[in-house]
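There are structures below to look over.
What follows is a pair of complexes built around subunit A, which joins subunit B in one and subunit C in the other.
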Partner chain A sequence: MSWLSNIKEGRSRPSLPLSVFGRAAPGAGSPVVLAFLMMPGIIVVAAFFLIPLALVVMRVADGPDGWATYFVILTNGWYFASLVQTLLMSAGVTLTALILCSICGLFLVRNQFAGRSMLTALLTLPLSFPGTVVGFMVIMLAGRQGVIGSVSDAIFGEKLVFAYEISGLFIGYLYFSIPRVILAVMASAEKLDPQLEEAARSLGAPTWRVVKDVILPGLMPGLISSGAICFATAMGAFGTAFTLATDIDVLPMVIYTEFTRNANVAVAAALSIALGAMTWVVLFVVRCFVGNSTDVAPRGGA
Partner chain B sequence: MTTQIKLRDCAKTFADGTRALAPFDLTIEGGETIVLLGPSGCGKTTILRMIAGLEFPDKGGVITFDGDDVTHQSIEKRRVGMVFQSYALFPNMTVAQNVAYGLKVHGVSRDESDARVKAMLEMMHIEMLADRAIDQLSGGQRQRVALARAIAVQPRVLLLDEPLTALDAKLRVRLRTEINALLRKLGITAVYVTHDQEEAMALGDRIVVMQKGEIAQIGTPRDIYRKPQNPFVADFVGAANRLDGQMRDGRLHIGNHVFDAVDAFDPRHGAIIDQGPVELFFRADGLSTCDAQDADFTGRVEAVSYLGERLRLTVSGIGPQSVMVDTHADDVIAAGADVHCQINPDRLTIFPAMRERTPAASDAR
Partner chain C sequence: MRRNWKFYSQLGLTIVLCLFIVVPVVMSALAGVTVNVFQGLSSGFTLRWIIEVLDLYTDSILLSLWIALVCLVVTLVVGVPLAYVLVRRPGRWTRLFEELLTLPVAIPGLALALALLITYGGVSGYRSSWLFILTGHVLFTLPFMVRSVAAVMSAMDMKMLEEGAASLGAGFWRRFFTVIVPNAKPGILAGALMVVTLSIGEFNLTWMLHTPLTKTLPVGLADAYASMRLEIGSAYTLIFFVLIMPLLIAMQTLADRGKRASKRIDTAEDTL
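And now, the complex of A and B:
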């Protein structure tokens, strides 16, 4: 029964004790040492994050409505609409960016052609632009004096202006997100094992199946992390929206208005907490859901 | 139900201009296990990928499965099972899901698929691993899963590219025996790539020895071992000892010694070598140690290695390079001693001398 002994030899992964860094790092010292090394980080987090956060939370109670302010932001049509709008917009931008960048990233990694590195550099160029510059570019493109407006005016006799609408903001956010996502996708795509695809094809899998069963699961960790960053950035983006000075009220703009113009500190604080909490919840849910369904997320906490 | 594979005039030039394979013909009989053997870079994987449909031969090449022209058919349609050195198991699926994948793709019903997967896992002795994740398996277990996955869809041909290279020596031998039994049991046409001569001998009905994109010899393991057709094959399958000699009137002269009755048939020209310079290839059993008065040669021992049942001596001063000679394990011989050797003429493989030795032949080791 030689195979039996072989199976016994076969190691099953021992369950590693989870330490502060997610898994035990041999030689990195005991948990006590690690905890000690983490002290500076903890202090910084406490001083510059937890305390202000607590203050913001407290400020809500100082408002005319007290703790009910949280309730107000849900019942007040304007605040609630801006919450929903921001959420939908960020989700839309994230999904679009992920789809576009998966295709482009795979193409760039899989194909060798003249100008490939130029194209990559071009796609990642906006990485260095702040949101205000991106907003400015959208105005140049689709604003009242924009290129698209002039062209459509010349051809159809009608000026196409959408910089100050939701589609203008959408394009600005997308432009802002693409470089970050595409770099992450390219990094994951380079690590894909071509033999996995060959194995799937040898078993008869047509292209769409290979994409669904091999390529997407392989890209998934990269898509999740870059998608999370993209979503969080879009939720909190201010510069682009501010430059476009739009008719749409995304949440960061509403917070700004309440705080500086209306001096409605309690509502601004409540909206800030809501913005943070919502972003966190969405990311958490997505990570749990996608992580479990594909089983590719690293065990021991993503 | 077994599939005969024919490759006709297949050559391969890659996009960057690399000529990986010169045009060759190869027929693999239904149910036969063919082993492609050769040093790194000689084109073994390229042939395998051509049969699989992952590479296509240059214009003019034709590949048929049982007479059907599959030259331009892509891999999805060819019904080939592939096993890779790196296992290539889907990391996002369990063992059972991996094995079931091909069945799912082919639209096999759930019940039938479950039954087939169970049978496959039992055949590979891994039924208790069905629900494991791939990263919880040892290398040997992974390769069993890969085999089960490849044969679950009942492919027309099984293609294995160095499936055991990543495993340790003992496991390699054990799995090799199991694969051999499996291939006999299934009676499936199989192409097995390796650079390990022992593995090739153990598994192949026939062996294709390759050298730099060309087929150097096709034959049974016995033919390849005993009757290598050229110096490259002789060297590659272990006849690494080499002496220079002269044939004069059908007799072999080595130095001052003359030997009658040698088999000096040159397979490449199909003729007895009667005259001219020759090269002699032989294994360690082509020479044996003896007393001084019977000696053909006397050399100096450079190194001694203990092989268990034998001692292997590295001896200089007999030919242009040092040669290996085996002797009894209990002989007491130390490096630096003189040793007397007798030649064993019917263990010699004789080729007409080439001006230079082909560099590939010496690269091979």
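And now, the complex of A and C:
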């Protein structure tokens, strides 16, 4: 075990006082034991995440265009258009979900009525639907045999079908986002102090001021963190788009097409790194903004 | 309580959202047991489609359950000790490691799968086995297990518990398995349910990592949606719902119980 204690001594220099392998906290295992406990995790992360990531970065650099491949997302018209479309759609979905869920979440927390808990349970039903199933739900709603089509057919004599394009994808990500945002809104709304609101009202604040100055700031952390998850999912998810149509120009679909149909590995890898970096930056900024409360728990993969 | 137009308009919006969520679920469940969707429910009910799906896709359903189970074991063995170290030794390096660990959740599954393919795609025995899919699932679900366990661990007074056990002469491993793990049980249970649910439904990574011989449930679903009749896709979805519902209900119950317990603690502290 001499090599392990070497590591230990090497890392417990005073220059790294907060190091994992530093002074033993009373009661905790010895540094060697802690290192042993962490070892499987370190191996998994290193072998299946860090090394592959590094190899992808190198692979792109070895491609025909070298490091310039990373900028192809900005210089190629098709990639850039799909990037803009993906960004706009993701932002739109996030905003719509936040507005709708704030209203409904607050309503469900504030009011007691028969069927309230059933409504809550139903709204959070799709929490663990995979993206493919969400896509199928969109087809059920707005596809060729969908409800919306049949209703519009009965009323206007015209079948409304919009599942197999970007608007269908929008509906799908909204479907995916609603349970997550509702849960976050309800959790923050339960912590709001109703006395603050009453105070504001008794001081003569109109409803919109109460919403803007009292309710929204209280909900903000929950809204920001759940909104970030919706945004990240809409940016990177693939299953829903794959189920609806393979020719929707969103970035994940473009990457998939480049990789499988065109065997353009370097470009596909560069695009995925760009997409991953953008998503990570958004999540990181949000986490810095609301502190470390961003919870990964209510996320799944669409 | 006053019930004015505001109450009813908010109720209306909530019900509309609810219908948006529920109507397609009900429709697809019904379509799965309808003789002919194009004629509607009047064509009668049948179990034919369910049986056909079971005929076609039992292997992929079983493979999904198996991968979810193994994934759970791996995330338990790797994740629980990891959560312990992260909570017990907060510091710069553990923070950095936690950030690294959570990255696979933030990065799109497609990118992660591409990286795995580029790195290990040439290792033929590994590439073509279910272990390749398992790798992706472990990467994707491990952060959820670690977060869930770490949340419970940082809420309990681990230092006091451990010092107490140590002063009674318990060695580290004894303390770990008889004091730490039992006390972290709610977090472990919640994490376990989350890992199994996520693994059963994972598609983004799996679609890139699978081979014709290693199809999982969601891969089969995509396949059925793309190439089978609507009734079969619906019947398959119905089977998926039946599999996933108990997990969801268990998760909800667990969360409610946790909330009630923490409320009890709050009120107990208030009265002190």
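As a working rule, the second predicted complex is superposed on the first by the 229 of 302 C-alpha atoms of A that agree within 3 Å, B and C clash if a C-alpha of one lies under 4 Å from a C-alpha of the other, contacts with A are read in each partner's own complex, and residues count from 1 in each chain.
The criterion applied here is as follows: a residue touches a chain if its C-beta (ideal position, glycine included) is under 8 Å from a C-beta of that chain, and two chains touch if they have at least 3 such contacts.
This is a predicted model, so every value here is computed, not measured.
In the superposed model, A:92 makes contact with neither subunit B nor subunit C.
Between subunit B and subunit C, C touches the greater number of residues of subunit A.
When both complexes are overlaid on chain A, the residue A:214 reaches subunit B alone and has no touch with subunit C. By the touch criterion defined above, A:199 lies against subunit B but remains apart from subunit C after alignment on the C-alpha atoms of chain A. Looking at subunit A, you'll find residues 295-296 touch subunit B in one structure and subunit C in the other.
Contact residues on subunit C toward subunit A in their complex (touch as defined above): 1, 7, 10-11, 13-15, 17-18, 20-25, 27-28, 31, 37-38, 77-79, 81-82, 84-85, 88-94, 97, 100-112, 114-116, 118-120, 135, 138-140, 142-144, 146-148, 158-159, 162-163, 166, 172, 176, 194, 197-198, 201-205, 207-208, 218, 221-222, 225-226, 230, 233-234, 237, 240, 244, 247-248, 252. Listed in rising order, the residues of subunit A touching subunit C in the complex are 16, 18-20, 22, 25-30, 33-34, 37-38, 40-42, 44-45, 48-53, 55-56, 59, 100, 103-104, 107-108, 111-113, 119, 121-133, 135-141, 145, 147, 175, 178-179, 232, 235-239, 242-243, 252, 255-256, 259, 265, 268-269, 272-273, 275-276, 279-280, 283, 295-297, 299-302. Taken in their complex, subunit A has these residues touching subunit B: 2-4, 6-7, 9-13, 193, 195-196, 198-206, 209, 213-214, 217, 294-296. Put simply, subunit B touches subunit A in their complex at residues 52, 54, 74-77, 79-82, 84, 86, 88-93, 101-102, 105-106, 125-126, 128-129, 132-133, 135-138, 140-141, 149-150, 153, 155, 171, 174, 178.
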